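Structure first, then comments.
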Amino acid sequence: MSVQKTLQQICDIVGGTLLGDPDCPIVSVASIDEAEKGQISFLANRKYARLLPQTRASAVIVPPELEVPAEINALVHENPSMAFVKVTALFSPPLSTARNGISEKACIGESVRLGKDVGIEDYVVIAEGASIGDRTHLFPFVYVGKDTQIGSDCVLYPNVTVREGTIIGDRVIIHSGTVIGADGFGYIPVDGRHVKIPQTGIVCIEDDVEIGANATIDRARFGRTVIGRGTKIDNLVMVAHNVKVGENSIIIAQVGISGSTEIGRDVILAGQAGLVGHIKIGDGARVTAQAGVTKNVPPGAIVGGTPARPLDQERKAVAATYRIPQLLREVEELRQKVRALEERLP
Amino acid sequence: MSVQKTLQQICDIVGGTLLGDPDCPIVSVASIDEAEKGQISFLANRKYARLLPQTRASAVIVPPELEVPAEINALVHENPSMAFVKVTALFSPPLSTARNGISEKACIGESVRLGKDVGIEDYVVIAEGASIGDRTHLFPFVYVGKDTQIGSDCVLYPNVTVREGTIIGDRVIIHSGTVIGADGFGYIPVDGRHVKIPQTGIVCIEDDVEIGANATIDRARFGRTVIGRGTKIDNLVMVAHNVKVGENSIIIAQVGISGSTEIGRDVILAGQAGLVGHIKIGDGARVTAQAGVTKNVPPGAIVGGTPARPLDQERKAVAATYRIPQLLREVEELRQKVRALEERLP
Amino acid sequence: MSVQKTLQQICDIVGGTLLGDPDCPIVSVASIDEAEKGQISFLANRKYARLLPQTRASAVIVPPELEVPAEINALVHENPSMAFVKVTALFSPPLSTARNGISEKACIGESVRLGKDVGIEDYVVIAEGASIGDRTHLFPFVYVGKDTQIGSDCVLYPNVTVREGTIIGDRVIIHSGTVIGADGFGYIPVDGRHVKIPQTGIVCIEDDVEIGANATIDRARFGRTVIGRGTKIDNLVMVAHNVKVGENSIIIAQVGISGSTEIGRDVILAGQAGLVGHIKIGDGARVTAQAGVTKNVPPGAIVGGTPARPLDQERKAVAATYRIPQLLREVEELRQKVRALEERLP
């Protein structure tokens, strides 16, 4: 399934000037600090030039006028970031099917609009009034609800459910088993029973979002649940009704976000963290793994623990718990000394 | 997708006496303390009359003989709870499909019994011996196993799996991706390997239960796993084999309940809480988010933390950890003072 | 759904010498300490003979030359472990369908190889180049990706997704909703956006693995994600890209394992535990429920808490937090006494 290219082949495709071995084989991409042999990386600007001599990458895309050690293969490019994005695409595996077009075994409802070059595989169901953008690919057992809009160049893997009225942008990837637009969890107690609050809102997923496998993004009670442009969500994440997630945030596996909470842009929520409802996580904030967040987090803050507090406080408090047994002994010792002093005084 | 009605239209449907503006537009329902403009709420009895003047609801259903402030639109009704349930139904969205009846693209096994006015959509599979009650609706890619019984007025959303022998009551809602009746997790160590214990029991889901998306309710090893009448379960919840959940309990997202644990009625398990096996959670108890419950919880108790303890103890213990650094300094200071005293004594 | 046999019938099938009541009814199996009336258990060797008099099992398979109390029904067998495995199979429920063979409503791609006596149910999709071993059974809505290899005697329950290039051994059971081979979660920050790292590796699941419902096992970024022979994984577990799990390990519900972490053999990860990436968990180690593991765990160690530490330390630290309020009082008391002493000295 993997692709191999020489550095020269890559240079021919993305442009730039090659320094070093043109026959150097490249099989994948990685960040400059994580790259191994066979991988190509990039340096966006001179600020990080110090990382260059230590990299184990087989080649690095660099900006002009950077001093490149002789032993490092490099591609000098006016825009290393853009060149790297193109290179990344070279190593992306093709979709796992050769079947193009629209399967006769798909069920497509009335007044469904299909874009150009869509891939609709066997046993896809698209309910009436839905629209599917150009080149979007739906794998088997994908369900698209009534009036749902899916943009261009999206991929929905097998067994994805997108309920009615959802709006999905362009270049969105949704992995298998994920459910978009299930009812939010809301009840009103009436005479000791739980009466369901109608969930009449929708889910809106903006461009360039990727959502992992078996995640759930619930529809809004009223209004919209929103996943902002460029945000990436890992497997088994729970996003409750009316949550708003800003742009370019990262939400790692098994995180749970309760209803109406707002996550800013460039936020990182690490694995298994849980957030209560109706709070705000500021832009650029970070929540560490398994944290339980019970109140607002200011922009740029890093919080951890349950209930979550600034990470340095949390770490000190946890470290301090190790010292309690010793502390207990010391206090007992002091008590005895004080008693001895009291007895010696007249 | 949303519905709008005037207060007069609502009054015409549910009855009662209208006080205030009959043209007042209503678009949804909410509890009295959470309601916003455009929403209708209710007051079940006079005990909560103090909440009435502060509500932001556009209208409130109230019992007779309650003093209603002049600026509040009200519907005076003999039974506000029942009237409110009816109003809630008015604002419930219709199922997202216009396709009624039984799709020719569904696979229905031998001796399957189908009730009146069922909706069996494309690509539903119902194995032999199963029965589906009146007006129950199965969305695409729903699998109903052999001899499974599903009651009346149920909705199973796309990609739901209900394994063989399951018993589901009336008015049950199961959201997409949820799996009912997968094998319980049980093995016996034999010569260093794990030999599977046959899971020959079933799952029984009583009337009026709702289960969120991508949850899992495992079948019993022997006997039954039971979800009691009126209980509501959120997304990604794990209920292990032989668990019994009582009536009208609330289990929030990502909770995990281990094998053979018994949950009482009117219990609330908050998000990401985990419960070990073979314990009992008493009626009306509450477990806070992310708690790890390792032993029985008495009726009405509130527990939190890992291992879970009464919430006030847990809160004090967590708060106390903040004071340890200060405590360490104080003990050091005392030690120096005691040493000084010791030296000053002859 | 349950089976009942007499002890004599069991003896006729697995061999051995019957002591006690040949008509004793047996309905299931259990371990010697958990067995109840109606269940049969086993004693692998004489070392555990002390457990025999206390068991509530209706019968026990024992090795020769063991003294069996007169009131216990026994089956004396040269190899109790092997006999017990055979007995367990007697009580295993048959697959929930009578439909054998290959459904006309399955979609089977080009050059797919199907073994003997496979069961391919309605609405299964097998993409081109895949192979399915002898007697393997695929339930409805199972998706098998391009070039995926599945061994013999496997069962994939409804709505399972196995993406392209996956390798699955023999006797593997995968429960409903589980997703094998979704893309690993990996991005490189480029100009403030997250650029997807191609995930070109595969997942390899060895013989005798069982995976619960709605779990996710991500494909490797490069190379393989591996689940070792005989390992059992519960519902809603997340295994990230490039994780390696050894043989005969047990991973309980809702555990999350981050990228590239290595789990040894005979490891137990209890429910809701979370492991960071790039660490090693030694053979035979145990991680307790809800633990957050941030560094390597040596072979045989038992760790708990967040961040995880040896379980005895963790327990002492948690217990110590209960004593902090008392400690605060004692230190205050000491301070007053010291002040009094200071004042009494000249």
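Order of writing sets the labels: A, B and C. Residues in every chain begin at 1.
Simple rule for what comes next: a contact is a pair of C-beta atoms (placed from the backbone, for glycine too) under 8 Å apart; a residue touches a chain by one contact, two chains touch by 3 or more.
These figures come from a predicted structure and were not determined experimentally.
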Between subunit C and subunit B, is it the same set of residue numbers doing the touching on each side, over half shared, or a different set?
-> different
Turn needed to bring subunit A onto subunit C - CA fit, degrees, nearest 5 | 120
Taking each chain's centre as the mean of its CA atoms, how far is subunit B from subunit C in angstrom?
-> 27
Set of subunit C residues in contact with two or more other chains | 123, 141, 159, 177, 214, 236, 254, 272, 290, 318, 321, 324, 327, 331, 334, 338, 341, 345
Subunit A contacts subunit C in the complex at 1-3, 27-31, 42, 44, 81, 84-85, 88, 91-93, 96-99, 105, 121-123, 139-141, 157-159, 173, 175-177, 208, 210, 212-214, 230, 232, 234-236, 248, 250, 252-254, 266, 271-272, 289-290, 305, 318, 321-322, 324-325, 327-328, 331, 334-335, 338, 341-342, 345
Hey, which residues of subunit C end up touching subunit A in the complex?
-> 107, 109, 123, 125, 127-128, 141, 143, 145-147, 159, 161, 163-165, 177-179, 182-183, 185, 187-188, 190-200, 202, 214-216, 218, 221-222, 236, 238, 240, 254, 256, 258, 272, 274, 276, 290, 292, 306-307, 313, 316-318, 320-321, 323-324, 327, 330-331, 334, 337-338, 341, 344-345
